[in-house]
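As written, the chain order gives the labels A, B, C and D, with residue 1 at the start of each chain.
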Amino acid sequence: MKSYHEIIETTYKEVKKTKDKGKIATYIPELGNVSSDNFGASISTIDDKTFGVGNCDEKFSIQSISKILTLTLAYKLEGEKLWERVDVEPSGNPFNSLQQLDADKGKPRNPFINAGAIVICDVLVSRLENPKEDFLKFCREVADNDTINYCEKVAQSEKETGFRNFALCNFIKSFDNIKNDVDKVLDFYFYTCSLEMSCKELSETFLYLTEDNFSTCKGNRVLSKSEAKRVNAIMLTCGFYDESGEFAFRVGLPGKSGVGGGIIAIHPNEYCIAVWSPKLNPKGNSYKGMLFLEKFTSATTSSIF
Amino acid sequence: MKSYHEIIETTYKEVKKTKDKGKIATYIPELGNVSSDNFGASISTIDDKTFGVGNCDEKFSIQSISKILTLTLAYKLEGEKLWERVDVEPSGNPFNSLQQLDADKGKPRNPFINAGAIVICDVLVSRLENPKEDFLKFCREVADNDTINYCEKVAQSEKETGFRNFALCNFIKSFDNIKNDVDKVLDFYFYTCSLEMSCKELSETFLYLTEDNFSTCKGNRVLSKSEAKRVNAIMLTCGFYDESGEFAFRVGLPGKSGVGGGIIAIHPNEYCIAVWSPKLNPKGNSYKGMLFLEKFTSATTSSIF
Amino acid sequence: MKSYHEIIETTYKEVKKTKDKGKIATYIPELGNVSSDNFGASISTIDDKTFGVGNCDEKFSIQSISKILTLTLAYKLEGEKLWERVDVEPSGNPFNSLQQLDADKGKPRNPFINAGAIVICDVLVSRLENPKEDFLKFCREVADNDTINYCEKVAQSEKETGFRNFALCNFIKSFDNIKNDVDKVLDFYFYTCSLEMSCKELSETFLYLTEDNFSTCKGNRVLSKSEAKRVNAIMLTCGFYDESGEFAFRVGLPGKSGVGGGIIAIHPNEYCIAVWSPKLNPKGNSYKGMLFLEKFTSATTSSIF
Amino acid sequence: MKSYHEIIETTYKEVKKTKDKGKIATYIPELGNVSSDNFGASISTIDDKTFGVGNCDEKFSIQSISKILTLTLAYKLEGEKLWERVDVEPSGNPFNSLQQLDADKGKPRNPFINAGAIVICDVLVSRLENPKEDFLKFCREVADNDTINYCEKVAQSEKETGFRNFALCNFIKSFDNIKNDVDKVLDFYFYTCSLEMSCKELSETFLYLTEDNFSTCKGNRVLSKSEAKRVNAIMLTCGFYDESGEFAFRVGLPGKSGVGGGIIAIHPNEYCIAVWSPKLNPKGNSYKGMLFLEKFTSATTSSIF
């Protein structure tokens, strides 16, 4: 694993001094308060070793990265019939488009666009007794880390300004693909998005999507191998909104970004890597995060292609 | 390689007796004349061994599978500046949609939808002295096979009925992203689609996208390793029109289909596999072909995820 | 005016016996309870005489016809700056499309599609102290009729099932073109749609859009002549969702329909006519209502063209 | 008629000195050569008197105004079954949109967008022995003017750069709503657009859409009264691309514009008016032309609403 360490350090230094062309997300007011200088990365390998650089221990709002966790729990609970409610196709449209949802009669293209993640949250609201508590418990077990928590302020901030998500959820409900009360589903959704984790916690958590036996450190199975591979496949084709093709092309790993500036990526046979830099490119993905991962997989020739 | 042989034979028998829910493509009249009973498959491994079953030696119209070959040659000639003309994003729309092209100001989403392949052909028409002859020569060298040829009848058939492709090409030209005469570009495009190859020839040809040194059997480099990986990435995200996500989800390999009923798929470290069965599912991909590959990668657990 | 009487009676009899190809609206459950046999019509001429046939005295849910009244009051209060919030163009899309609203950045195409009427309601919520009471008072004065009222049941029914309208309103608010609380705006909107009036009341009420001095029977000015003409122009181009062109083509008068099966039409120099038959054609307009008006304007040659 | 004269002169002077915010059309290179200072207007009343101001005798490229003439001739020849090929609804989209045509399966929204006019030309190519000659003959008779002619240079200019129209025509043909050869249909279409007429000739020609007996000055019936009214209705709802609602709202008359800067408008009971000023607003309609007509109908209170 030494070479990964070295390459991470070299890449980190190189990207750190690159001019950041991105812009911090401000549409959720609370996110605008984060210092844009933050930059950290962490790798966890399938032998359960973790190595981090920069602000790798600082917690940040993981935002859409949480969509992997909600998907994982819903998939675990529903099995393959989950796909009757949400598809597995790239959307090819900006992440909050309503037009496609209309053409597809309320079935979201995939679980990683907002529409799809909201349907996943609806599934969980139906399945879990106390959705917020139960989901948090699940996250903590997968992460083997009881400090993981929601950020109330961010959740409230999104609730007060998330008119597009209210529009989406009501629109999907008009097609009868939301079974619970809109306010209840979105309350849960906004909380899941507000989860805070550090790069180290992220790279350790998502090891369950690698050949690390697909289980938590307590040995509880998270997903079957086949299910984990399918989640990876969806991440590869859909994890970066309408820049998913670009990420596959430049980085070559399944991954998922969040508007908080975090990205995680999976090398199924070897490692999970997480990176955080708050400024986003025009497509809504971390500018330095993508650059870092591109340079890292080039240097390690660890694209899956 | 023994286990691949056995699994291919078992899978072939199993899928052969499955009811075919697909329908043969008739929009190109000439394609409607092929017997829908044809079913063959072939695998070539990176140690250059090939094994086939069923109608694996029968030539058929490879149609859009040729888009990998035109892309490869254009990429080889233009390098990274090729991407100024065509993007690498999944389209999320039916394969001949004009709407997205309008929003994207004439830059096609990727080289595997018709719009993108037509721009790629325009690049080749600009670059090659005798496009049809030179491209055929390139295909023959990559395949190490001088019997590879166009099918005049199919090319003519497409030219006479390909009004949507004429619409596409003129539309792109209105955005100035076609540099040559529309008729000349489309004549070349229709010929490339009319290429005829057997499953065996296909699996041998596309070995250049695996770790088989990315070169022809004569040892001439086709693409660099990095370029080959990028072509694979585009195949994974865009190779099956608006069923690309489904293919990644179910099969888990980069691949490309054609309306002639052929599919090729690449396992970057191990093999290239080709399958042919003319009846198509509603999204335009071979029904039995997809089923065969899904069962094959499940049995061999050879998804890249 | 004798000839109008005769023509109305003849046309009424003729259309009454025609087979009704329409279907009653059921998306608002409460509307499904109306007997589809109802059929009535009424004409009021600029000399303030009214003549009706069939169920012309029976009140029904006027639904979108109320959009003329909300527009009128908002226009009266805001003047020409109203058009900064809503446009005057036909939409060319089904009446609840969100796609166009996205392209137009939250400015609805016209005040007669749901999106536009909701923005108009937002304007009134900002302007009126007690929106529901004040608007009802306005309607009663224009109609010179104190029996005009909302239908609580219909308003509640729409509120419970109107997810698309909640989607629309939240979506527009995400573009900052809704200034008040979404629930408050929609509560008002659903009440305006639930207004109940008879054909006679309708034909008398909308005389203020003809050369009848643009005033209520008490002599209070409703709109200026220029404003009334502009409202008529919008009705002509936008009054029948994506069948507005067809209505102009076949009937040739400014008009407005509602999913309750009512239609009103204006001949600016001569009369206002109202017709009611609950079964709707596939575009959402009364089947017999359109037929009746087409025959009536043909027989009287009173198209404005 | 005296007052019309005076009002035209006053309005002309007033608008002449207004700053022209428009821009001359340059997408057809040949049109870019016209001096933008040209400004003329002409009115013809149903008593066959004509009065003009400014450059009212100078011929210019009438462009899309010719779509009324092709529609008229096709309607005359086909009768109501013409509407099986083209609809009568406003498009609500920019004038060369392909997206809507896709949703509508190749049936253009109306005869005044390019798609619809091309289908109309296809109808004429099927019906006329020598389309270009026969159509010109028809125009000359309606105009009672043998000097009316095509402009070869403009027709050629459009043919060489009209890739969008080639895209449109091929796209419609893919839905089988073009019956003749694409090149033949478009050759005819480009010639019809290249017609040159002066304001005076235009106002005299289109008198056949008023109560002037719907006939040529030789007394030959052009259209029936009912047909003429329907053409006027389509002009009102569709004559100004996606600014049709605005024209109805501000001017209040059926009309049609062309990118050469001409506009004609019809008051069905009184007159036909033509105006020409080459600079266009962002929606493609003459800036000063629209302003002139708005002021004219306000001053004469001759809106049809």
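As a convention for this text, contacts are C-beta pairs under 8 Å (C-beta built on N, C-alpha and C of every residue); 3 or more make two chains touch, one makes a residue touch a chain.
Each chain and its UniProt protein: A, B, C, D = Glutaminase.
Just so you know, these numbers come straight off a predicted model, no measurement behind them.
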Compute the centre of every chain as the mean of its C-alpha atoms, then state which one is farthest from the centre of chain C. B
How far, in degrees, do you have to turn chain A to put its CA atoms on top of chain C, rounded to the nearest 5? 180
Centroid distance [mean C-alpha coordinates] between chain D and chain B, Å: 47
Distance from chain D to chain A - Cα centre to Cα centre, in angstrom: 55
Go ahead and note the Å separation of the Cα centroids belonging to chain C and chain D. 32
Tell me, which residues of chain C touch at least two other chains? none
Each pair of chains that touches is included here, namely A-B, A-C, B-D, C-D
Please name which positions on chain C make contact with chain A in the complex. 97-99, 102, 163-164, 166-168, 170-171, 173-174, 182
Contact residues on chain A for chain B in the complex? 87-93, 100, 109-110, 225-226, 228-230, 232-234, 236-238, 242-246, 248-249, 252, 254, 268, 298, 301, 303-305
